[in-house]
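Two complexes come next, and they have one chain in common, chain A, joined by chain B in the first and chain C in the second.
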Partner chain A sequence: MSLGFLLRRLLLAIPTLVGVAVIVFVLLRIVPGDPIAMLIGPGATPADIQKLRELYGLDRGLLDQFVLYVGDLIQGDFGVSISLRQDVMELVLGRLPITLELCLAAIVIAILIGGTLAVAGVYWRGRWPEAGVDGVSGFILAIPDFLWALLFILFVVIFAFSGLPISGRLSHEIRFDALTNFYLLESLVRLRFDVFGSVLLHMLLPALSLALPLSAIIARVLKSSLNEAMTQDYVLLARVKGFSRIRIVAREALRNALVPTVTLTGVQFTFLVGGTVLVEKIFSYPGIGNMAIDAVINRDLPLIQGLVLTFAVLFIAVNLLVDMSYAVLNPRMRHG
Partner chain B sequence: MFEMDRRGFLHITGGAAASAALGSLLFSTEAAAQMGKTLTVAYHLPVPSWDPTTGLSAVNPQLMSIYKSVFDQYVDQNPDLSFKPGLLTEWGWTDNKTKVRMKVRDDAKWHDGKPVTAADIIWNLQRVGDQKNGSPVAFIWGSLTNLKADGNVITGDVKVFMPDIFKWMGFLTAYVIPPHYYQQVGKAGFEKKPMGSGPFMVEEFQRGSFVRLKANPNYWGGKPAFETVVFKFVTDPAARVAEIESGRSDLTLNIPFEEFDRLKRKKGLVGVTTPVSDIAMIFFNDVGPMLDENVRKAAVMAVNKKAIVDRLLRGYGVPIDTLLVPQYTGYDASIKTPYDPKGAAALLAKSGYSRKKPVTFKIQTTRGYLAKDYEVIQAIVGMWRRVGIQAEIEVYEIAKHFELRAQDKLAPAAFYNWGNSIGDPATSVAHAMFGPSPHSTWDTKDLDAMIGPLFAEKDEAKRIEGYKKVNRYIAEKAYVLPLYQQVQPVIHKDSLVFKGHVANFVLPQAIKPKS
Partner chain C sequence: MAELAAPLPTWRRMAANGRVLWGGGFLLFLALVALFAPLLAPHDPLEQDLMLQYVPPFWAEKAEPGFVFGADNLGRDILSRLIHGSRIALTVAIVAAFAAGLLGTVLGLLAGYLGGWVDAVISRLVDIWMAFPAVLLAIVLVAVLGTGLHSVIIAIAVIDWTRFCRVVRAETMAQKEQDYVASAVTIGLSRFRILVREVLPNVVPLLLVLLTLEMGIAVIVETILSYVGLSIASDIPTWGGMISAGRQYVHQAPWLLVLPIVCVVLTVLALNALGDGLKDTLDPVMRK
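What follows is the complex of A and B.
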């Protein structure tokens, strides 16, 4: 992959982001719901309401508002949240690391579960464990992430897992003056293993809820790719050389079967971020998904705009990373 | 010489990290067991902002419990909605209600130990009265001008007379923050580390997760019983049920009534229900069939509120006949709107409607925003159908409700929950029914002529009597359909002493361990 390719992709991201900004701005002005109507107190006169509109710049014409919005965006200013009266950029950047850590944990769990299921299915191909793997992945896939979340909460109550938290991100017994919101990473760097353990425990159930449906998809795609790889000549050669079956599946075939799975994982990451909206709400996990629900309910236009743009940047970045990973996984694509 | 390869290094560091993490988890559990004087509340809303005077959180009554734990209000409220001293020990009007006089208590201190002064109070009133600072109700505080301090006495002029201004001093946005600290740290700094003069101090705030409060040893109202209070923000009702059922939290609220009934029977848990100041109601809009008095009256008479409360809400509600509940000022128990389906059918017949030829209109409701909102409307539509009213249900989001209501474009009927924790008729019936109000949908001159003068009535007895007349008139004309007073279900461990508050507050300073 050349530098030119990377630059082209980055340049292409600009019109994409402009398009997203325009669409979200127009859509939000079309859908019903007036943020000021939700704010006004009893006894407000039309003049009081007008003053509130002026305060948030909503008294201007649509074109004026758009020009102002784009002008501010170019300067890196996402505006001020109507419902929270705080800087949108600060709010979003404060929550983004929380969701990113959760999604990464979910991806790792999904790859571990999905990968294990796929390798096990191929290893025992044609025997009853393969049917078991197919059945398990089918069952996992049939239940959406938010339902897994509710089921986990139910299990916690029924089986009284007293050490397993079901809300929040960090134990309230721990004091941690964080420098960033990447608690997992920061706690490791600062050797605060109490924080690391607490954050890990708090993200376990939400991450598992997000990971399970994805793990089933990974298992299916990877198993299919592995089965195809197992028919290739190099696998036959490995057999002739007397390699063990597990070595052939897990080391020889797996690497060549990974490209479709990586593509899929990259695409699914975007769905995973979407899934955080409900899962974070259920587990009171303070990421951008949770914030997005409140922003929509409150019709907080600047905050919704900021969140959508952040999601868009995230999706573009993930897709770019996926493209770059091809080059690492498949040497033939490095100069393609 | 000791040599380590890459794999060995990874094994050792990984093992060390895992041991440390496990050790820390065990320590956390042990530490938790030792924390006897901690009260943990699974609360249904997170604190979005620590500035309680601006933005949407400032006008959300459901956040008052947390704000009141950290910030003092000018005036405080008893559990029965009556008022008591807060930072003000005396308050009232002088000079034929053209001036105000307030006395600031001399024993209140900010959390940093500095005294709360009359100048601090004035700064707060002026700040929240200036719309530039983002208060959604700046017009209320802007009604007082020329505020001056003389010792601990504040005097000022009344620019616009508001009979309920002192009640507002115990209501939304009426929290007092320290000017010296706010000016020192700025808005962003205050959000990170808020300070007040209330019974608890913010020790740790994890946005969206929890806030841990420490008891204020210098609180003028006495040190609270719990040294530490944790509000965990658990927005999902199922998760709140799990929090209390698994013992992770000591108290929770706003859970489904079915779960409340199940949990209160469990050993070690106690259920408390309190009729609160919120009411469920159906707005009528003065359009289409609602202009026909017979249709409105029939729509009111055909609804069996008791059956709705008993069967749908499992008895957790109090049927009401006006927009006022018994704890509000000006409540008149003699105003009745009885359930009478036969009378309703007869009235509809007078206007030419019957079950075969029903009057038709739309009713709007949210679904899942309030407890059983959609189910209640389904039941009402069923009751209406039996007398000759065919209502079509439209489900919308609460944001759309506010927008349509502000534009006076709601459907002929629309379900809503009205909160009024200060219990004044002006903040309920007046703003809900006065045509020019952005919160009203009914807009007729007869009613406006009755309500309008009451906004400026200086004689309190006359004002309250006026509202009683307004309520009777509304009931006679069936301008609105009041349904029931909401009930707040609270579940707590039996090791606590908790009493419900009609204003729907769950105040940690009022909760004590059972001796």
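What follows is the complex of A and C.
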């Protein structure tokens, strides 16, 4: 991959980020009601309010406010959360690892399910399992992640599946003095397999809810590009050589069918990240998605602003990674 | 040698398409239910009766006659609430999808046909929009606008116009290269007239498909907003509001969660089936 290509992609992300920052700024300035009035309780004197307005720069003109805001953003200063009275940047960075681990688990599940469905559909092409794969992926795709989350909760409650937790991140009985919020990674490094198991178990249903719609998309795209690859000459050659059908599908065709799938998985991955907002709320999972809904309900403007920007940066970063992986996978793009 | 059959008229192809039939049929049923909700609902959806708290649905042992799907945590009849909830779901689906469609189509037509800086500005706007998490943006927008039916509809339109814009832009660019546009330019028709009278009708089949799919998305977004308590006032029954309450009382009464979810899922499946069926019958490329 050429350095020029990478730099161009990075440069293109800048206007998008600036646009996002502008929209967040405008959106939160048209909120009815004085944010300062929400910040302090009743009983504050007009002098107190005036002091706070000056502190937040709200007494200046809109353009001055914008310059102040952009300057703070560049320094990584997102302000102080109104409801939690802590630095927004610290709060967001503290919870971000939780959501990142959940998203990674979800994407692994999505690839496993989607890949299996696609290979099965191609292997039994033209027979009933193929129709089954199409039907299942169509059904999975039609139901959004948050409804899957609720359906899983129902399933656990109705069948009294006490082994599967439906809220939280770690069992209360386990004591774990974590150094970071990457519990999954940290417990593995510190050989705390009890913690690892518990975190994984708590993660299972939220990750599966997030993964299912994406797995159906992967199944569809991978299946159609596998089918296309199966008509190529090298597949015929492999057949002439007498390789087994499963080997041809899994070893020869799969490698060539990956490029469109990776691109689409990356684009859809941003939807998965966005889905954490509700899925985390439903499973009381303590990531940034859950935090976002609470921030909106509490009208915590600095926190909302920090979280929306964090999500936007995540989205842009994922798209950048996709472009880069596309360049690595497709030799023709490498010098593009 | 295989004989070529004469192409069937569009409506005949639609009538023969299973997905159009079941999707359209279910939506017609839903529309009738919503229209005649006050006549169909056996009880007042808001009437509370604490003696009837958590009455189970008809298949359970302690079911109460007259309360087919049981009663909720305040003793309100579930069936009546579901019937009335269909009104909000359908209103939001239709109005929001059309609003998003209108905004996206206008911008998409302009970007695709005019090209140049207009296209550059609109395309960049779409990129910026896509960098927001849709669900979070919807929640923030409704928090800013204040809750209520209008806010929900505005939020959906403001967020989802990009879906229409991208597809319509691409289709317009493809149509622009066709001979009929070149002839229209040659005989001196104005750009506005070419866009509205020549290009737009050729984009309509695609728009119909997108609108149907968008209606499904709108139903889901309304459910999400109701779920987090940001949709319509709490004294109007909505499926999302019922799901939210159902999640709270899931251990006492799981059916409170099951029934509204079934309604949402069926509606979304029907809209998707209709959209896919329309795509098969209207899209000349997909149609074999």
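Note that the second predicted complex is superposed on the first by the 299 of 336 C-alpha atoms of A that agree within 3 Å, B and C clash if a C-alpha of one lies under 4 Å from a C-alpha of the other, contacts with A are read in each partner's own complex, and residues count from 1 in each chain.
Just so it is clear, a contact is a pair of C-beta atoms (placed from the backbone, for glycine too) under 8 Å apart; a residue touches a chain by one contact, two chains touch by 3 or more.
A quick note: this is a predicted structure, and the numbers were derived from the prediction, not measured.
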| request: Mind working out whether A:Ala292 is in touch with chain B, chain C, both or neither, as first, second, both or neither? | output: second
| message | According to the stated criteria, A:Leu27 is in contact with first (chain B), second (chain C), both, or neither; which is it? | response | second
| In the superposed arrangement, which partner chain does A:Leu73 touch: chain B (first), chain C (second), both, or neither? | neither
| said: Touch test for A:Leu151: chain B only (first), chain C only (second), both, or neither? | reply: second
| query | Is chain A touched at more residues by chain B or by chain C? | reply | B
| request: Have a look at where A:Cys103 lands relative to chain B and chain C in the superposition and call it first, second, both or neither. | output: neither
| message | According to the stated criteria, A:Ala207 is in contact with first (chain B), second (chain C), both, or neither; which is it? | response | neither
| query | Once the shared chain is lined up, is A:Gly163 touching chain B (first), chain C (second), both, or neither of them? | reply | first
| request: Pick one for A:Gly19: touches chain B only (first), chain C only (second), both, or neither. | output: second
| query | Which partner does A:Val277 contact after superposing on A: first (chain B), second (chain C), both, neither? | reply | second
| field | Where chain A meets both chain C and chain B, residue numbers | value | 32, 150, 153-154, 157, 281-282, 297, 299
| field | Of chain A, residues touching chain B in the complex | value | 32-46, 48-49, 51-52, 55, 81-87, 90, 94-95, 150, 153-154, 156-157, 160-163, 165-175, 188, 193-198, 200-201, 281-287, 290-291, 294, 297-300
| query | Can you list the chain A residues touching chain C in their complex? | reply | 15-17, 19-20, 23, 27-28, 30-32, 138-139, 141-144, 146-147, 150-151, 153-154, 157-158, 270-271, 273-275, 277-278, 281-282, 292-293, 296-297, 299, 304, 307-308, 311-312, 315-316
| query | Which chain C residues qualify as touching chain A in the complex? | reply | 124-125, 127-128, 130-137, 139-141, 143-144, 146, 216, 220, 223-224, 227-230, 243, 247, 250-251, 254, 257-258, 261, 264-265, 268-269, 272
| field | Interface residues, chain B side, partner chain A - complex | value | 17, 20-25, 27-29, 31-32, 35, 40, 42, 46, 48-49, 51, 54-57, 59, 131-132, 134, 136-140, 162, 172, 187-188, 191, 204, 206-210, 212, 230, 232-236, 238-239, 241-243, 245-248, 396-400, 402-407, 426-427, 431, 436-439, 455
